[in-house]
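Below you'll find a set of structures to go through.
One chain, subunit A, links the two complexes that follow: it is found with subunit B in the first and with subunit C in the second.
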Partner chain A sequence: MSETVTLTIDGQEVTVPEGTTILDAAKTIDIDIPVICYHEHLTGNGLCRVCSVDSGGRVQSAACVTQCGQGMEVDTQSEDVKRGRRTILEMLASTVDLSEAPEIQEMMDELDADAQRFPEGSKAREHEIMDDNPFYLRDYNQCVNCWRCVQVCAEDAQYTFALSFNGRGFDTSIATYQDNGMMDTSCVFCGQCVGVCPTGALKPKRQAMLEEGYDPDSIFEATRRKRKNKS
Partner chain B sequence: MSHNGRPDFIEIASIEPKVDLSLFQSYLNEVGSRGRQMLLPALHKAQELYGWCPREVQEAISLALHVPLADIHGVIEFYTMFYNEPTAKQVIRVCEDPACTLGGADAVIAAMQDKLGLQHGETAADRSITFEKVPCLGMCELAPVALNGDKPAAHLTADNVDAFLDGSHPEPVAQPYGEVRHLLKRVGKVDPLSYGDYVANDGYIGLDKALELSPEDLISTVESFGILGRGGAMFPLGRKWLFTRGAPGDASEKHIVVNADESEPGTFKDRCLMEEDPFALIEAMTIASYGVGAENGWIFVRGEYPRSFARLQNAVDKARDAGKLGKDINGKKGFNFDIEVRLGAGAYICGEETALFEAIEGKRGFPRIKPPFPTTHGLFYKPTSANNVETLVAMLHAINMGVDAWRGYGTEQSPGTKLYCVSGNVEKPGIYELPFGATGRELLAMAGGVSNGKALKGVLMGGAAGVFVDDSKLDYPLTYEGSREGGFPLGSGVFMVFDEDADIARAMYELSRFFAHESCGKCFPCQLGSQRQMEIMERVAFPEKETATGQGVMATDKQILLDVGFTMTETSLCGLGQTAGSAVLSAIELWPDLVKSKK
Partner chain C sequence: MIKPDRTVRTTCPYCGVGCQLNLNVKDDYVYSVEAPFDAAPNYGMLCVKGRFGTDYVKHPGRVKNPLIRVNREEGRSAKAVWREASWDEALDYVADELSRITKANGGDAIATYASAKATNEDNYVFQKMVRALIKTNNVDHCARLCHAGSVAGLQLSIGSAAMSNSIAEMEDLEVFMVTGSNTTETHPVIANFLKRAVRKNGAKLIVVDPRRIGMTNFATHYLQQNPGTDVAVFQAMAHTIVKEQLYDPEFIKNRTEGFNEYIESLEKYTPEWAETVSGVPAQSIIDAARLYANAKKASIYWGMGISQSTHGTDNTLSLVNLAMMCGHMGKSGTGVNPLRGQNNVQGCSDSGGLPNVYTAYQGVADEAAQAKFQEYWGTDLNPVAGLTATEMVDHSYDGRVKGMFVLGENPMMSEPNQNHARAALEKLEFLVCQDIFINETGEMADVILPATSFAEKDGTFTNTDRRVQRCRAAVPPVGNSRPDWDILSDLGRRIEQRLGLELNNGFDFESPEQIWEEMRAVTPDFWGIDYARLEREGGVHWPCPDFDHPGTPFLFAEDFPRGKGKFWEVEYGTESEQPDEEYPFNLSTGRVLYHWSGATMTGRSRLEDIYPEAICEMHPDDAERLEISTNDWVQLESRRGKVKVRVMVTGRSPVNTVFLPFHFAEAAANQLTLDKVDNRAKIPDYKNTAIKITKTTPPEGWDEGYEKPLSQRGAIKDPVEIY
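So, the complex of A and B:
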């Protein structure tokens, strides 16, 4: 039998098994905390921080990776919590093309976040759209750096290790070895990265072509499995 | 394409010569069996041979160390001192951060660019030399400074740039100051390369004393010293040892890690200790290993400290020859401990202890989520006591002098002595040792006051991650309790002085540029916020300049700075982001007119 802890979230008392995250505890009492990087089946890196809540610590805590403590008093809706979330989303909107990320847009509406808060010329993600394999497109203008694709490609699922990063800080972007096209990496086209991408950054080619109005025959021609040329 | 921290390269006309892998291959054969943790050393070795990391080299490393190619790429991309594109073996790195700016770095940089005909990040066409402007080099007391390859240079001017470039400019020598000499007692007095000199000057007395105690009694003794971590987080040293000792695991799988990444702008105390008294750190670590019960020692030195690295490596080798490292140390059966010195490669974030572990493990320096804490899950996820250089050296001197003498200095809550890094507009910048409890005003007076008889505008306390204070805070005692009351951090002991004519906005811009450059990019608030903060501060500091986001201060800037600063502080994943807005926010509070729209 595992131990339990009792805490309050937005004034509501809840008892959960020790080791439960604040995010999961909140779910049990129907309190929704916004998330971007969190994914049920992947290692939690706690990096988007939009799930930040006030749990009485020195600074706010990321609900998706912070475990509940006995007697903790969690506030998921304070003005400070909203101020942080709103600012993160405003900065994100000034950086990334969120047009195909409806969930993030919804979060912004809810918090009254202003997508135009930062002046024109603020540095944004600018990348060429990469169409280098028959299966999916990579449009890193839409990438929020949630790391999900890197993780499923590595220890979280596939152990293929085709993806890593360029740069650091603001200039961090998902990259392959020497920026090679996907056909020249260890990628096995399992499609898991496309499946977990929360934005339109990774998109099945079929879907992209349908959106652009191609007919099924030409889509089949463009996306059928071609033999990798081994020279 | 140019990435953050990656230089842009000018066209190199010649076809790349074929890379001769033979020399490198023999190195890889030697270290290959140790796997991924040898990645940073292997990349350093490759650059020593080739100047950069060509494709063939990366592929050979991948095979030898079993590291995926994408990961090697990611690691090279992360560390600013590793190069994915052709670079000269001789790299000039000149500091462009606040202490050096106050000391006249602008003129030095202009003269160098002129002489070399190169801008930041460029390599000469014959590939003889590369030029870079870099963040604080940890030699702020000697400002303005630069590195010519491995050779440090102090007090540069437009007139001695030639000597600097041809290597004839003398290397700086140590000059300690202060009221007492304990941590600094050997600094400038002994030959840092000589084991004999160390022993002749009270070296290895502390180890003898420690080994007379049981490890448990040693830990209680260390707890009685009341030493809090000098790296900034102020965790009690004795507790950390106790927790690591108590964590499950055998001594053969536990670690003593020394954090010698010292990259906080304004900080140079650890460099002084490592360069001038390297054996003291080795002895202190050996005592730590006995107390904790950990057989593996590591020192992670920032890549910009080649002198510290070489002197520590020398000290480790000589201590081993003398039977002070290795098996059955001091003749004590079963007491085994050895040390590996590791070199960083340009990343302030690797001073964050978990990012430091990742770097030793051969990865990008991303901080981990805490808990779990290093005392149970540290280096290689094994129990680890990670400490700052000064913390351990303070412990050594406390053991040498005994608890009563140590506690005879300082206050009840802040016993002993502390090192301060005084730089900027003062008469005698340098490293100062003072008992806890002296005031900022006393420290300033000891340093000869503001230079040229000018009035004081403010002091940056605690480093880039600290706060600006003005004259009104100078009478608080420099103790943990006094600084808490005064609302400033002691941090890494930074005391950077700005005179009445100093350009604070420029300093704020440089600090925000530092954080934007050094953010690891893992979490959103810091990755995005550090960039936005810098963009605004650029307009504030250079009102005449046409920047990407426009010219001059905008009506919305102040509120944005406050929101971004708040958000980084409150929601960032690690200490870097949590303090990236600190100096800017403190300056806005002190001098509200700094960020004022003219419109």
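So, the complex of A and C:
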């Protein structure tokens, strides 16, 4: 048997195998830590920091990537932790259209976050909806930069490497090589990215058209071009 | 933002991986497809076909009522004129005709195609109808055209024909070989697991393939053999393993027979000799042989490139020989694995959709099996193996077969030498097709029976690693279409009555579950699987002899079905059509990522939008010689037919071989192919056809409909260019 470590989370003692993250350890004793970028089946990357907890260090740690240490005392609900989460959510809400991210909205309600706290944000970041392939749409106005799509396109699933980050700091966004349309990248349209997107940023075209009020027959018509040989 | 009315878990209708899907349904319309992350075999992954390619369910061309042809006297190749009929009328007509032909000419005058797309239950009822009522074993399906070479070879050497390992084992592979399989395009999700094995687990990959396919980007050794020289390469690998004594004497002694005779036959197959034949450097063959033999765990994965050949059986035997001499069998991540092409091609074979076996390969010639089925069904059964799919066409041509029932297949696209197939089908007295669309074969039929698509019916599919999984109805049937099992049960009752038979357990099925219960009862290998268990566990790998049995992810841990594995001597040689002065190029056919089989489904979905026409791949050297560049039109002509297509010049194709996908009716690769078959497996030689190439003009009335030609629209991801 591998080595174990014992720690306390919110006052509860828990023993887990060495290498377990704080997030997973908390799960074993039914403590829910909120997450946005983290996905159970992907490599954790600690990007959004909404899962930050107080683990006794100088700064808070992202529970999704921080491994449990022997004797660690973790607080997932301190005022500091909550304030941090609230601020992260408020900043997200100022720059990102979260209307199709009900889970994030729920988090905001729970933490009493104010979507209008930083009213200037969204002016600086506006993206056009990208409709460059027959299968899915990209609306980066709704993108929270969680990096899941980049990960599944790379080593977490498809090994296609069509997506990456572009820009720095506030202007960071998901992009393709030289901002090419998806058809001109290595994309094979597996849609793993669509499958892991936590907001409405990546959406199957069929679904988008249904939302816009098209009926199934006209959605079907939209895929047909002039030259058709099949009845 | 819409919320689904319901989300239905089912199994993907495309390739043999058997990915689990969640269909999101709103107002009886499937508006999106997701993959559950917690379910084998795909764990959240899908490919473009499964995730975006299911629009065809709502295609306006779906057949909504039974159709009867009214211009029968004009011949089958005339444009069909249909009238809608009631189910009673159509089924009575079919039952009358099949009974008439059976009475007049005997049951063997009827030939039937079971369906690798239909469920296990559909196929079970179908073969029961054919065997118990019409008294013929003339039932086969497209496995004949894809993996018959693998099946025949595996049956000979170990007595079982299926993947020996599960998809789940791919992640802990150590060394593996991929040959004759363009895995990234034909089994994309399996390819992801294989890539992961290389990138995350440090597994070593040997690719043996004439085309520089996507998997080569992950390979340690890439052996690019000349088309059709597979046996030379594998025999030379075996030669090296014997010469350097890298084989596993313990395994050979305990588990196999015929090794001594076999190694004598290897003497002449030196790597140096193989180099002269295959073009693969001798040192590469030696390196690959050492890598494979010295591994603790090593698996072989192959596809159509191995089986679709006049020596498909030999190809398979030479691979199995390799695996057995190294003892690479019967362990996790270690074995021999033909990757099955269709969602239920494994299941259709398992359910008795083959001319020589009942369910789970219980032989029709085996007296015990025959007695069991005679007793259970309460009727006499024919012990003589029936016709294979390729033979059905020939027998139709010379009049021995007079009636044909095609269940969800499209022989007019899939059979080689289409002009011959057309002439054969034209001669039939009666042809009935049961399908969701009128495909190229349906155009020739007397009756169309409209079936439901995967999204509208219940049942089970068995994927490539023998995992039985549920297919569940998500939306109501289109028009008056009915599930296949329901149509066939109804038809069975009508034929039973007309032929004056009275079965014990007849055709009074009311649900797929009831059919599965009967299948379990007659099939020991399925006894431990029922719907309740599938509901709980998601899927079970057969053989599974009782409810306490966990299922069998990998086979042959203790012994082989035939007892000891047998080494078969394999001679290098080919009966394939060779390029000559008049027809100097070799044509290879295959699939592309966005399409599937005859494109009956993918061609009627969003996938058609991205890849709407055939395009042939040509090596830059050949293109230069012929003064052809990308987007030029060429005519490909063989001794049997010709097609016009556009060219894409790419290093993916080897010199002197062009590649043409077989999905497109207007440039049908099988106009060109030869109907010559492997003697043992009866599988046609789709990978070798001698052709000549001439530059030509676009077909009359050609309208691109797009700004740029297909090769410049970005649909085709050329691994040679990308990396």
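Brief remarks on what is shown
Definition applied: the second predicted complex is superposed on the first by the 215 of 231 C-alpha atoms of A that agree within 3 Å, B and C clash if a C-alpha of one lies under 4 Å from a C-alpha of the other, contacts with A are read in each partner's own complex, and residues count from 1 in each chain.
The working rule: a residue touches a chain if its C-beta (ideal position, glycine included) is under 8 Å from a C-beta of that chain, and two chains touch if they have at least 3 such contacts.
What you see is a predicted model; the values in this text were computed from it and never measured.
Once chain A of one complex is fitted onto chain A of the other, the partner contacts of A:I88 are limited to subunit B, with no touch recorded for subunit C.
In the superposed pair of complexes, A:V65 makes contact with subunit B only, with no contact to subunit C.
When the two structures are aligned on the shared chain, A:A175 is found in touch with subunit B, with no touch to subunit C.
Residue contacts after overlaying the shared chain place A:F118 against subunit B, while subunit C stays out of touching range. When both complexes are overlaid on chain A, the residue A:T76 reaches neither subunit B nor subunit C. By the touch criterion stated above, A:S186 is placed in contact with subunit B and with subunit C alike.
Contacts of A:G46 after superposition on the shared chain: subunit B is touched, whereas subunit C is not. Using the contact criterion defined above for the overlaid structures, shared-chain residue A:S164 touches subunit B, although it does not reach subunit C.
Looking at subunit A, you'll find residues 185-186 touch subunit B in one structure and subunit C in the other.
Only residues 1, 3-6, 55, 58, 68-74, 77-78, 84, 347, 364, 369, 516-525, 527-532, 535, 547-550, 554, 556, 560, 563-564, 566-567, 569-573, 578 of subunit B touch subunit A when the two sit together in their complex. Residues 1-2, 24, 26, 29, 31-35, 37, 43-48, 51-52, 55, 58-61, 184, 188, 192, 195-196, 199-200, 218, 438, 593, 599, 603-606, 608-610, 612, 665-666, 702-706, 713-715, 717, 722 of subunit C touch subunit A in their complex.
Residues of subunit A touching subunit C in their complex: 40-41, 99-100, 102, 133-136, 155, 157-159, 181-192, 194-196, 200, 204-207, 210-211, 216-217, 219-220, 223-227, 229-231.
Residues 36, 44-50, 52, 59-60, 62, 65, 80, 83-84, 87-88, 91-92, 94-95, 117-123, 144-145, 161-172, 175-178, 185-186 of subunit A are the ones touching subunit B in the complex.
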